[in-house]
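In the part that follows, the structures are each spelled out as structure tokens.
Consider the two complexes below, in which chain A is the common component and chain B and chain C are the respective partners.
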Partner chain A sequence: MSPMLRGFLREVLPWTWQLFFVLAVFTAASLSFDASLGAHSLGTYLAYLSLLPIALLFRIGTVLDRRAQQGWPQQEILRDPTARKAPLTEMVASGILLSGVLLLGMAPLATGFYAMPDASSGLYPVHVEFENTADGTERWLFDLGSTVPTTARLHLTLDWSEATVSAKDAKLQAPDDRFVKPVPGELVHWSVSPNEARVGKLVLQPNSQSGLILRKQLCRLEIPRPTADALPRLLFHQFLFFLPLFAILLAWFRCGRIRGTLSAMATFTIASLAALPLSPVDLGSGPVAALAKILVLLKIALPPVEGLLATGHRFERLADTTPDLGSLSWLLLGTLALWLACRRRPARQG
Partner chain B sequence: MKRKLPNTAQILAVGLILLGLAGASLGTTQPLGARSWQGLQGWWTLRRYHQAEADTDLPALLALGKEHLRLTGQGDALEFAVYKVAYGASGPSSNRLPSDALYWAQTGLQALDTSINQMPDPWSSLQIQAYTLVERVFPLTQSPEDLYAGLRAMEDRLAAGGGLAPSSSGLSALYKSFLALPPSERNPFILKRLERNIIPEDE
Partner chain C sequence: MTQSPVLEVQQLGLSRGGRSLIVPLDLQLLAGERGLLHGGNGSGKTTFMETLCGLLPTTEGSVHHLGRIGYVPQEPNFPDHLTCTDYLKQLHQLGGRGRAKRKAEVGLTLQQFQLQKHAFDCIGSLSRGWRQRMNLARAWLGSPELLLLDEPQTALDPSGMSALREAIAQAGQSAVLIVAPQGVGCDDLAPLLAKLQTPESV
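Right, the complex of A and B next:
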């Protein structure tokens, strides 16, 4: 390991910070998995863990600040005319620290101190709209709110008390000719197709003039929660989410020539935008709504990587929804930021 | 390196932060890490909920149950709070005045009714609603119309929803025989079933 890399690692994470990270991980595990005290939720644990890379981001920002005050940028240019060595080392160190922190996140479970909660499912209310066509056929439009995993299932509650169609003939059909036969007194289960999961919307059509009534209040979307063996994959997704952010931090610091902590804040804002799950909410009008609309536009301009940071009590809704192309473009954005950080800039005069 | 304020990147960074704040104030966005904070709030709300239960602070129990549902998406706390308030606090063992008991029963039912859209598993709470209507509200109000209207909503939901998960197949058969009856005999049929099968012993 080169002395520069070792020095940076030691400066970012001295033993006090290392101790803090270990304590933080075990506190997070207690709050999440403890038999009597915990929330019994893997999503909550992932949410607590996601604080650590953020702390790391700000910590690196502080170290960059300190190094700038000590005159490191000038020395870099004097020693290395290409000025690539320092940013590349910092990037490699960030990657090492990030993977170390996330591997530490597996320790409470791997050591057997804590056990994962039993696998369960998340159930969500669904927004339904009814549409009547001129020939008397009814269509039920379901809005699932966002992209959902392909393992999702829809549970529908039908009221048969005014049904004119017999239980034998009753049928619910999707536009792609898939159908399900409902049974009186039982929930109707509808497995979401990959296309419906990607779009987050689906349409069902009952028999014409069937008289079946859909109970809107009781419609639920069921998404199975990832089990214990999914933890390494979910942590790897967090790694993919945070890694380009460190490159963006370096690019802000070097190209923007701003303080390290301010660079960290700007990076944090970009990360917040990238992690924002968009929901079809009418923002209304007014100056604040206008700002929020700009925010949504900026979010759309970024790759759709919110699924990589699947945390919180509804994490199963976001987990594994990121398309490969989205992850690749997010990494590409990081590479671009790293290239910008490595470009040699002439020293500012004055 | 001498630093001059402000330059383009600084304005951009500050602007982005302001935008983030604007979005957060609308409630449509949350900054990175906010879910951890939400998780901690949910955990703390549950602690306060248990304290309220120990103190038998009924309004706080309902309010914290709702808060817990909002923060964590889990309806168990609210369901138990409704059971304590609507069914427990209005029962004969609580030794309350009839008007007081009716107030708590209706308050609990109202809390459940306003939250049923957010409850992740709405079917399991319907049973509490049915118990409370039949055993607590009806003996105090003696109004069969109210009871029938309430039960009508209950049986719609409970039977149409396939009932509680373990009894689904039985309820499916029940619902089919319910549908086979003429409309005038449907409510007495459900009442009879409730009396025979579902209503438990008084606490």
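Right, the complex of A and C next:
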């Protein structure tokens, strides 16, 4: 290995940092998958894991800044104005390090530390309301609770004992003219449309005076658990959630000229608000409610990125629910924070 | 056949904040030539040298040089965590001198400035004088065509000065330009070419 490459690798990751990364992966795997200690969640593990490349990126940034101060680019210009060895080495080494950290992070998954859950999908109860329309027909209003992935499916159990229509004519129709033909004795499967997934609500209407009865207590929303091929995407989503937060932390610290602990608390508040799922609950009145309303307003002001941080038992419910515009706005916020933080760099030494 | 100058400076003036720092200067160094510029405190010596290196843009006049430059800055900045050998090896690679010669040239340069006993010490642990020798060593590494020395005598003991004198003598076809104040020990290192003067002092 060339001296330049070896030197940069050793500068970015001395043995203390290497030890930190190995311990961090082990701890993350224990906290996520351990039978008694862990959260039993792949999403939680990916959230922990996404912190490592972010830490590495900031470390690389620090080292690059230090190398610039040490005059590496100038030394290269003096020796060969046309050469690009220093930046090329830095790019190659950064790629090697990032790949290494991700491979290290995948080790617990590959070595069976992570046991796949028995079920390949999560099932969730659904709140249903019946509504009678002006023409005397009934509509079923399903509240899915929040935005759900577009892979979600609704399973309905129908009671045909009082049906007035034949199985051949029975039909459940959505306002967008999609429909499904139920079959007696079988579950009705309804694939959620992108719009229904986004608003978390859907409406179905049986034939007029059909007599079909929906068993509300047996309605289930099925959300498939992400498979192995979705791991890179999910990891990237977690990365997208945390990277701007680190940039915001750095900006608080440098631009706000406040202590690190206070900066961390301020960032943690933003992170909590960003990860908070909004639910349409009446907050009532009173001082606590007023405070809660302020928090809700702040939450609304932030991009809707709670889906990026999909963790816990039900992480599949949140995964892949963030709109692209939300991710982009969040990333722009982080870029702005990073730009501000870089403008207020510590004074050069030496 | 006339030899192309390694360094050619034509009417090079320096200004900062609209104020002229030095009287414009002409200078020419051929391969193997040595030269000394005198300048007092605040006469623009470091700015002048950085302009010659191309690290600062020229605001007046022109600078042309051939080949690689070995620059000895007045205040060197080193990666303190690297050993002398590791650092020089990396610089050797930056210069694209090839792997075959690396070990020999790095060893030779360390020997030239009597740095062998510190070859595997971290640069951060070196005293000011030994750091200055490292400053000289990295400029000499790979026998550049042009050596620009900004107050090279700084912090050197008699043994260091002797090593510097010898290195300049052995620099062969490399052109050497030194800037230093008068009477600090550099006067006999090279023939005096000019004095850097501020417009006010003329």
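What we mean here is this: the second predicted complex is superposed on the first by the 232 of 350 C-alpha atoms of A that agree within 3 Å, B and C clash if a C-alpha of one lies under 4 Å from a C-alpha of the other, contacts with A are read in each partner's own complex, and residues count from 1 in each chain.
Quick note on the criterion: a contact is a pair of C-beta atoms (placed from the backbone, for glycine too) under 8 Å apart; a residue touches a chain by one contact, two chains touch by 3 or more.
These numbers were taken from a predicted model, which means no experiment stands behind them.
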>> According to the stated criteria, A:159 is in contact with first (chain B), second (chain C), both, or neither; which is it?
In response: first
> If you count the residues of chain A that each partner touches, which comes out higher, chain B or chain C?
Replying inline: B
>> A:183 in the overlay: touching chain B, chain C, both, or neither? Say first, second, both or neither.
In response: first
>> A:194 in the overlay: touching chain B, chain C, both, or neither? Say first, second, both or neither.
In response: neither
> In the superposed arrangement, does A:47 touch chain B (first), chain C (second), both or neither?
Replying inline: first
> Is A:70 touching the first partner chain B, the second partner chain C, both, or neither of them?
Replying inline: second
> Do chain B and chain C touch any of the same residues on chain A, and if so, which?
Replying inline: 74, 350
> What residues on chain B touch chain A, complex-wise?
Replying inline: 1-3, 7-10, 12-13, 16-20, 22-23, 25-26, 28-33, 35-36, 38-40, 42-43, 46, 71-74, 116-118, 120-123, 156-157, 159-163, 168-169, 171-176, 179, 186
> Across the complex, what residues on chain A touch chain C?
Replying inline: 2-4, 7, 11, 66-67, 69-72, 74-81, 83, 85-86, 350
> For chain C, which residues count as touching chain A in their complex?
Replying inline: 53-55, 68-71, 75, 77-79, 81-82, 86, 89-96, 102, 138, 142, 144
>> Applying the document's contact rule, which stretches of chain A touch chain B when the two form their complex?
In response: 31-32, 39, 41, 43-44, 47-48, 50-51, 54, 68, 73-74, 122-125, 157-161, 163, 167, 183-187, 215, 217-218, 220, 252, 255-259, 262-263, 265-266, 268-273, 275-276, 279, 281, 283, 288-289, 291-292, 294-295, 298, 309, 311-314, 347-348, 350
